Amino acid sequence: MAINWFKYSSPASFYSLAGKMIPFFTVIAIILLAAGLYVGFFVAPTDFQQGEAYRIIFIHVPAAWMSMFLYVVMAFWAGIGLAFNTRLSAMFASAIAPTGAMFTFIALWTGSLWGKPMWGTWWVWDARLTSELILLFLYIGFMSLQAAIDDPRRADKAGAIIALVGVVNIPIIYFSVQWWNTLHQGASVSVNQAPSMATTMLAGMLIMVFASWMYSIAVILKRTRIIILERESHTAWVAGLQKKGTVS
Amino acid sequence: MLQGINLACVRGDRELFKDINFLLESGGLMQVRGPNGSGKTSLLRMLCGLSHPAAGDILWEDQNIRALDSDFFAAVTYIGHLSGTKDDLTVLENLQISSALAGMEISTEQANDALHYIGLKGREALPVKVLSQGQRRRVALARLLVCKTSLWILDEPLVALDVMAVKLVRGVLEEHLQQGGMVVMTTHQEIDISAASIMELQLA
Amino acid sequence: MLQGINLACVRGDRELFKDINFLLESGGLMQVRGPNGSGKTSLLRMLCGLSHPAAGDILWEDQNIRALDSDFFAAVTYIGHLSGTKDDLTVLENLQISSALAGMEISTEQANDALHYIGLKGREALPVKVLSQGQRRRVALARLLVCKTSLWILDEPLVALDVMAVKLVRGVLEEHLQQGGMVVMTTHQEIDISAASIMELQLA
Amino acid sequence: MNWSNISEFFSMGGYGLYVWGSYGVTLICIVGEILLIKNRHRTLEKQYGLTHDINKKETTHETTS
Amino acid sequence: MLIWIIKRDLLLAVRRQSDVLTTLFFFIIVVSLFPLSVGPEMNLLRTMAPGIVWVAALLASMLSLGRMFSNDYIDGTLEQMLLSPQSLSLLVLGKALAHWLVTGIPLVLMAPVLGIQYDLPGDALAILTISLLLGTPVLSLIGAIGAALTLGLRGGGVLVSLLVLPLYIPILIFGAGAVEASMAGVGFDAHLSLIGAFLLVSLVFAPWAAASSLKVSLE
Amino acid sequence: MLIWIIKRDLLLAVRRQSDVLTTLFFFIIVVSLFPLSVGPEMNLLRTMAPGIVWVAALLASMLSLGRMFSNDYIDGTLEQMLLSPQSLSLLVLGKALAHWLVTGIPLVLMAPVLGIQYDLPGDALAILTISLLLGTPVLSLIGAIGAALTLGLRGGGVLVSLLVLPLYIPILIFGAGAVEASMAGVGFDAHLSLIGAFLLVSLVFAPWAAASSLKVSLE
């Protein structure tokens, strides 16, 4: 029997559903993380070109992928919230932003730590790097705009507009390596043409990608729950939780 | 016909008013009264659709004003605390442009007539920034003379006006009411306007 | 003692007034009257030294105020059309800072007392931008309660105030006059203040 | 096994600073994010004026929606 | 309505002048200060020129965004406009066009003159002007969204930059890129057509997005 | 009085934040946009770096001048200050210092970080920071004169730039010059001491000049 999704589109039922899912995702995230780190450090061989420095890849690539992916998801939910005036999806979008910004920051940070030994500089103004920086600005813009507006409904709508407008940046980041010839490598880790990369490396990287996924889901669900409580503090169902001592 | 049903207003963590009900019919005047900070301005802004009530509905000709949107706007003129005049434009330009933006283009003669009537003769070509406080207010009020809307919402229209001007505005309002228009207004000054039906709404 | 001798004012190509003479003594109230645009605000700004008369002299304790400069300023409090409050600061901060800048530092208790007295209890910590029009005006007028100057120059202090507040301000003015202070004010509303000597200056 | 001893592991073939710098900051970010969320939760709890654990028992309130 | 909005904004610009002049003067200053601080080597300057002119244009346009709605907001005119029975998107389009006429056009006209200071060759000057002509309206249109979203907010000035800058950057890259390509003798059409595409897209979507933002902001 | 003025302006800055952030963010943007439009060659960028950072600092400081008095002017606070019995020069000094604390200091702190992006060597970064630390207060002090003179004038924005820019240019040249000298391995002390001399002179004369200008403007 299919789950009744409409039921879970109300904050009250989503709240409890999310509560049940969080431990599940947390556990998977921890397991995958442990496995990924083990493969990354102890199974994957040393790269013949880059030496050990390449091990940054196990966080750099997952972080870079998550940073872009989360933005699209955030914009999607924000757009749904704007179009159908559903409270939950807007809250979801606000919950995604900080995690997305964090992954963007990690991608930038690890990238520049990787760049110093490989390219001899912390930072170059190439298209991929620059557009990732722009992505960070987009996240920060979204969050600051929402923070600057006191009324949450207005904040939701304003945030949704800017998130949707910002989506144009994602393809630019993704294709920047093809459009401009840059320092940043594109193909070396590509799945279909990667003989240069050991299978174990690829495996380690993919496990880390899934770990990041699970982590993001857990954290975002948790944050959504908090936002629900913050926003719906006056409603009957939260008062009910309160009486039972289940919400704080 | 303007109707308010169970209107409530919340500002910050304060509930300014709730359960406000009224029915304003053609030719009727509603005076909103109450001390400073009681929510008069907030109510007026709701009535013209600039903000939304925390609870309740506002109906215009039996339809919710949120649904009517610009059809409703075409029937309202709102003059608030802020006069919406541009300091750098002349008195005449201000009147012509603000009318045009409200969907009502007027000729220079019409504009001049209105300005003379409201007591700004000889000031038509001055930029608004050199005018006195009362004269600025008159520029804003001149809009009432040229607009053809039926519902006027006026937030303390008499502020800064001298005795002559108050009398003048009273005349304008009375004529509008006689012709079947409606007026919602606030004021801390005493003014008695004769109208087919007069209603007082006391806040707080 | 404030004295005006043959004062004249020219704005643009218009002479607003000329040959204005008056003598305001300790405990005296001068009400400046006149229709909109007759030059009341212009006169008041001259009297507190913000602009200079086209002709004539203004004397304070028999000395020209231009010569006295900051000695004169130390004796005057001016509250004009613009309230001089900062939208982003709280009510309390506004009062404390504006007093401090006028050379009169006050404690938080003093400020709170003044604010309660003027009817802003419970609003001390709100930023001024959320206040109603009348409440903003009260923030500006609260300065009168804490300042120790002898000459008050008030340009339409009653604008936007409700009936209660008008009464309150009347009380404050009367007390100031009784203690030997001086008040120059304009208003289009009627208000009767009892004072040792009352003078009316009619412009235009 | 790539590493013969622990110091070799930490030196990362001379790239220790870069590799551990990356992993370290990532760890800080993740821990920081979790702490921020905890903190936000705690503020909320204070606001509600109760100190029960939010996750302890919440089995029955689906019906309240 | 469209006409009246544009007419009014232009009239205000003529009356105040400062708006036009500030932007233009800012543009000139930014472009002229660089030779002073970087030093007078002509080759270096020529390489930098397209980049500098484009950055200056972008900054000039961005700095004037704050004014697009805020003056009308402060004095209550925007409320009146919202209460007018006409379409809000049209109003926004009018304001964005007026903004472009007041801030964009002068930059476009001035750019060749400044380019000469940097010893740019003739075709490069032409491409610079064309790229600015196509690019500056996009800046105004996208800027309108940012200006509308941040209306009346604490820290509006920063926020508007933060919000629109990421969206401006592609235009900057393609705009300066077109000139550099023409100087390097490579084809520049691709760059220009991309800017043209941006212009069309933003002409369709930006007024609508900005109008929604305005409604949200004034609620 | 001095304390109160500074305290108040800082409080306002904290409350609004936008003032601090706008300037800082503008500075960062200007510095970061150039590589995008000029292109990514590191050698070229390194040569340009001191000039770009200094121009950006100058522009950031100049753009915030308008706010120094105008907010207080519009809402009537400046009238009240003029009517206060204390010395107007002190008041102006307070406002200029507050302006520097709010706009100058953040630039100084941010400059090294931005310098790294341009791959500047360590000593050049240090000299850049020191030159900005000495130079930015001069910008605020001289700026106060311009801001006071143009208060409430039509086209204040342009005018203030026109008036202060000629006075800013020497500081720009010596500031950027100091960094370039240090990068070229030549002595930079002369540059820095010249900026120091400017600072002393403007600390003595600027408040007085600005106070007189204020009196004229408010008449």
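Letters A, B, C, D, E and F mark the chains in the order given here, with residues in each chain numbered from 1 onward.
The criterion applied here is as follows: contacts are C-beta pairs under 8 Å (C-beta built on N, C-alpha and C of every residue); 3 or more make two chains touch, one makes a residue touch a chain.
Here the structure is a predicted model, which means the values were calculated and not measured.
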Longest centre-to-centre distance from chain B, chain (CA-based):
D
Considering A-F alongside A-D, which chain pair is linked by more C-beta pairs in contact?
A-D
Just give me the whole-number Å value for how far the CA centre of chain A lies from that of chain E.
33
Roughly how many whole angstrom separate the Cα centroids of chain D and chain F?
42
Report, in whole Å, the distance between the mean C-alpha point of chain D and the mean C-alpha point of chain E.
44
Taking the mean of the CA coordinates per chain, how far is chain A from chain B in Å?
50
Two or more other chains touching the same residue: where does that happen in chain A?
130
Multi-chain contacts in chain E, i.e. residues touching at least two other chains, fall at 16, 154-155, 158-159, 162, 165, 169, 173, 219
Can you list the residues of chain D that touch 2 or more other chains?
none
Pairs of chains found to touch, sorted by chain label:
A-D, A-E, A-F, B-C, B-E, C-F, E-F
Can you list the residues on chain C that touch chain B in the complex?
11-12, 34-38, 40-41, 81, 119, 123, 126, 130-135, 138, 156, 159-166, 188-189
Which residues of chain A touch chain E once you look at their complex with the stated criterion?
127, 130, 134-135, 137-138, 140-141, 144-145, 148-149, 151, 154, 157-158, 161-162, 164-166, 168-169, 172
The answer for chain A against chain F in the complex is residues 121-126, 130, 133
Show which residues of chain B lie in contact with chain E when the two form their complex.
48-52, 70-71, 73-74, 76, 78, 80-89, 93, 97-98, 100-103, 105, 127
Given the complex with chain D, which residues does chain A contribute to the contact?
7, 10, 12-13, 16, 19, 41-42, 44-46, 51-53, 55-56, 59-60, 63, 98-99, 102, 105-106, 109-110, 113-114, 116-117, 215, 219, 222-223, 225-226, 229-230, 233, 236-237, 240-242, 244-248
